[in-house]
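Scrolling down, you'll hit the structures one after another.
Below, subunit A partners subunit B and then partners subunit C, in two separate complexes.
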Partner chain A sequence: MMIQPLQVTAVEPLTSRITRFRFEHPDGDTLPLFSGGAHIVVELPDGDTLRRNAYSLISDPMDGSGYEIAVQREESGRGGSRFLHSSVKAGDTLNVGVPLNLMALNLRAKKHLLIAGGIGITPFLAQVKQLALLGLSYELHYAAPSREDAAGLALLPDDPNVHVYFSADGNRMDVPSILEQQPLGTHVYTCGPERLIAAVKDGATTLGWPASTIHSEAFTAPPPGQSFQVTLAKSGKTLVVGPHQSLLEALEAAEVDIAWSCRGGACGQCETAISSCQGKLEHNDHWLSEDERAANSKIMPCVSRFVGQDLTLDL
Partner chain B sequence: MTQTQFSPSITSRPTYSQLQSHGGSPAILVADGSGGQALLDLIARDASVLDRGQIFFVTAGTEFGAQLREAGAKAYHQGLFFNEILTQYQAALAQATMATRIYLAGSEGLIGHATAEALAAGIDAGSIQGEHRGGIARRMQCVHCKGMTDDVTTDPFTCSHCGLNLFVRDHFSRRLGAFQGVCVDAETPGEVPETQEIKL
Partner chain C sequence: MTIRFNDETFRDDYTHFNSPEAIQRFPFPFDRDDYMYSVNIESHTSGPKGTPFDVAFDVDEHYVSEMRDLAITLEQDPKRCQSLPHMELAGWDLLELIMTSKVADYPDLFELHRDGNAWRWVNKPLGIDDSFTFLDASTLPYGPMEYITRQAQGDFAVLDQRDGSLWMDAGMVTCQADWSLDFNIGMNFTEWHAPVPKAHEMRIFERALKFLMNVQQGAPSRRLNWTMTVNPRLDTSPENYHLWGPEKRTVTPENVGQKQYLRVELQTFWRLPRSNALAFPIRCYLANLQDLSSVPKWGRRLHRVIRDLPDELADYKGFTLNRPMIVEYLSQFDDGAETSLGIYPAEDQS
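This part shows the complex of A and B:
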């Protein structure tokens, strides 16, 4: 993963909990362009802890003058969003990875149906700009608790294709009726809470949509859990994963070289083979199949954890 | 009539099996000639396939039209050639919604042509099924003038649009729903190899 130091040039609150951060090249150089749905990994040096969190890009994919992200402050999270909100100011420099897209638009679709819940609006803010540029047909459905919580509202075009739903106003998104009557060649993309992603997937599947037309992205922040010990078969190392640390972060702290990309259980880069396992794996990823999980043979160290006597990795 | 077994040597050529009903999903059913019997067989296996189904039938000299017309579809269109009902088929695709299933039966040329139209309308390839009935005549695209010649049974053959002598390539284009024909005497005009019957 290529990482470069970028300067924070703007920090702007969008709502009481969501803040927009803009990054630019320190010398004003143009940054690589991206495609709607892409994310960047931002390194967050918080005291002794180095976190690397992935955030969807919300700025114009065709504008290389800077990258923008919108971050929601999660009080119960591991601290990455709290650090960004409380410690990062305009003028600071942070290490930022190159954009990578795990939820690109399928440009062979005749129509794009975008469904967002809450902070899940972020990838669509860039996709809507791309769709408008390409002149493609789309509909965006965006549900948020209230108008005050809807960070994306001010960043969306005033466009009849954009539909918003605020549950505070008693206005709920009706997923089955959105999916009904969509024209042939529609692809649906969902980003937001797990239950919204499941509702769209189940609804579309029940109607008979082919699986290849249903897309979703749910970045799982590594959930905290109990501390556990891990043995590495090849290097002979033994390390302890802290309650608020991910297995991937513990491996990095022990200077184990391991490939990674999204750090959210979606891309598959950090898939690691298990040599032996006595105990229960807590699979939190969206990558491994049910069979692979049942076999206890692989783990995604970016988000998954372990409880038990012995976990030995083939590293 | 049983299904035709194609030679396995042409890897680009789609293979077809028996149509399987997806029940009452919106459906567009297209057939020509003895493909009409394949639709009647499908309806006999599961009549609900017509609950939201429209039939497009090219008679090609067969008598299946009367039975298909009375089968209970939401709409029925019939023509002597596919081009006669092509506009109605395209209109049905343009108005179709997601989850629509396409059932095609009959000649390889019709299946190829109807598939190409459906893909152009944006449908997922996995939502299209075909059941081959009839001979092995090929739908050919002239790579020079882009004209389509249906029911080609010899190699080489004469393009029905620009008149070039075309060699029958064993390459099937799924996008076009046709095999491709290339001028056989471009270097030595008039020196055309002996005409042979296509046996694959």
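This part shows the complex of A and C:
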């Protein structure tokens, strides 16, 4: 993964919990353009801990003058969002990777239906810009607890295709009826809480939409969990993964070389073979098949964890 | 650096030739004395100076004549260039990538002047000077992919990435080793690789696909592939098999050194920015056995590789018929000495 130092040029609160960060090249060079739905990995040096977190790009994909992300402060998360909110200021320099897209628009679709819940609006902010540029037909439905919590509101175009729902106003998004009104050949993309993703998937499946037309943001932030120990078969090393650390981060801290790119369980790069396992693997990825999980033979260290007596990796 | 462009043909009278410099920089594909399929992928950001590995899109002495041959092939069969409607953005990405790369690698041959979306492109070897509006196809004589690949050596497949695979949804394919764009258009990675022997059981395609789907912008990769062709013919397509297939029977022990060509494909992989598509240029290099064996290491090694190649591979590559003659010819260059590692001509220790 190519990483370059970029300067933080703006830090702007969008709501009480969500802040927008803008990154620019220190010499004003143009940054690589991207496609709607792409994310970047940002390195967060927090004391002794180096986290690398992935965030969806919200800025215009055709604008190489800077990259923008919107980050929601997660009190119970692993600390990356708290660090960004409390320690990162305009003028700071952070290392940022090249854009990578694991939720690209399917450009063969007759129409694009985007469904966002809460902070899940982020990838769609860039996608609506791309859709507008390409002149493609779309509809965006965005649900948030209240107007004050809807970070995306100010960043969305004033467009009849954009529909917003605030539960504080008693206005709820009716997923089945939205789906029912779509023409044949529509693709649906969902980003937000698991139950929203499940509701869209169930609704579309019930209506007979082909599975290949139903998309959701696959990558997840690595969840915190209990501390656990890992043994490395080849080097003989033993390491401890802290409660707020991912297995991948623990391997990196121990200077074990391991490929990665999304750090969110979606790209397959970090796939690692297991030599022995006594206990329970917590597979949090979207990459391994059910069979591979059942066999206890592989783990995706960027997001997955372990509880039990012994986990030995083929490293 | 100035390049002297050959005036040559790749059909009928076959006047194609390689200068001594072209032979020295030929991308010889064998880094050891035997060959089997593998996930032979490496980074395409640098290589020894003067080799095809040191530039993004190699321009060599065959450039002008190859572009003329492409135009003839395309004129006779317009289906060699196809782009499904959703691939136009990827075509613009490819146009930008090729233009900016050519200007960076060959500033004396190509110029690109950009003022916002108003672009002017100057291609001196082909005598082109066009102004157009980026992202507005009506300002170019062809679609963006066709426009730029008429000015770039080799074939181009442009792959859409979706549903966990790559899809051959656009391409310019005029110098292929016996496969057809018109047949493969719209197929996915597993489907178009179906005819390849052995590699599926070796799980090569599974691993290659995972790698390709993760290729990132600014970090291109490459691999070499090879086959055998009789006569220096670029268009060895299934559509025209009736033209080149029978030529296999014209090889004799006397002419095999001149008529039998090693055909090497330098394949590169590029992530495109706006479309998230993958560009897959396949650049074809041809050299006959006689020229190749002027490099002692290559003569020795080629003999061993062709002699020991598994039959399935020789069958798939279509040279089973002439293989005994090829091995017999090459044996004169193999003194049994050890060969050095790697693909470059450097003398072997003896």
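Here is the rule we go by: the second predicted complex is superposed on the first by the 313 of 315 C-alpha atoms of A that agree within 3 Å, B and C clash if a C-alpha of one lies under 4 Å from a C-alpha of the other, contacts with A are read in each partner's own complex, and residues count from 1 in each chain.
Everything below uses one rule, namely that contacts are C-beta pairs under 8 Å (C-beta built on N, C-alpha and C of every residue); 3 or more make two chains touch, one makes a residue touch a chain.
A quick note: this is a predicted structure, and the numbers were derived from the prediction, not measured.
Undergrad: Please determine, from the superposition on subunit A, whether subunit B and subunit C clash or fit.
TA: After superposition on subunit A, which the two structures share, subunit B sits beside subunit C with no clash.
Undergrad: Scan A:33 for contacts with subunit B and subunit C and give back first, second, both or neither.
TA: After superposition on chain A, A:33 lies in contact with subunit C alone.
Undergrad: For A:177, select first, second, both or neither according to whether it touches subunit B, subunit C, the two together, or no partner.
TA: Touch status of A:177: no partner.
Undergrad: Between subunit B (first) and subunit C (second), which, if any, makes contact with A:104: first, second, both or neither?
TA: It touches subunit C, and subunit B stays clear.
Undergrad: According to the stated criteria, A:61 is in contact with first (subunit B), second (subunit C), both, or neither; which is it?
TA: second
Undergrad: Between subunit B (first) and subunit C (second), which does A:134 come into contact with in this model arrangement: first, second, both, or neither?
TA: Only subunit C; A:134 stays clear of subunit B.
Undergrad: For A:212 in the superposed arrangement: first (subunit B), second (subunit C), both or neither?
TA: Both partners, subunit B and subunit C.
Undergrad: Please indicate which partner A:185 is in contact with in the superposed arrangement: first for subunit B, second for subunit C, both, or neither.
TA: Once the two structures are laid over each other on A, A:185 reaches subunit B alone.
Undergrad: Tell me which partner A:76 touches in the superposition: subunit B (first), subunit C (second), both or neither.
TA: neither
Undergrad: Just to confirm the geometry: in the superposition, how small does the C-alpha gap between subunit B and subunit C get, in angstrom?
TA: Minimum C-alpha separation, subunit B to subunit C: 6 Å.
Undergrad: Please report the subunit A residues shared by its interface with subunit B and its interface with subunit C.
TA: Common interface on subunit A, subunit B vs subunit C: 108, 212.
Undergrad: Could you pull out which subunit A residues touch subunit C in their complex?
TA: That would be residues 1-2, 32-35, 38, 61-62, 98-101, 104, 106-108, 130, 134, 212, 261, 267-269 of subunit A.
Undergrad: Quick one: in the complex, what on subunit A touches subunit B?
TA: 108-111, 179-186, 204, 207-210, 212-213
Undergrad: What residues of subunit B sit close enough to touch subunit A in their complex?
TA: Those in contact with subunit A are residues 22, 25, 93, 96-101, 121-124, 126-127.
Undergrad: Contact residues on subunit C for subunit A in the complex?
TA: 84, 86-87, 89, 160-163, 210, 213-214, 216-219, 273-276
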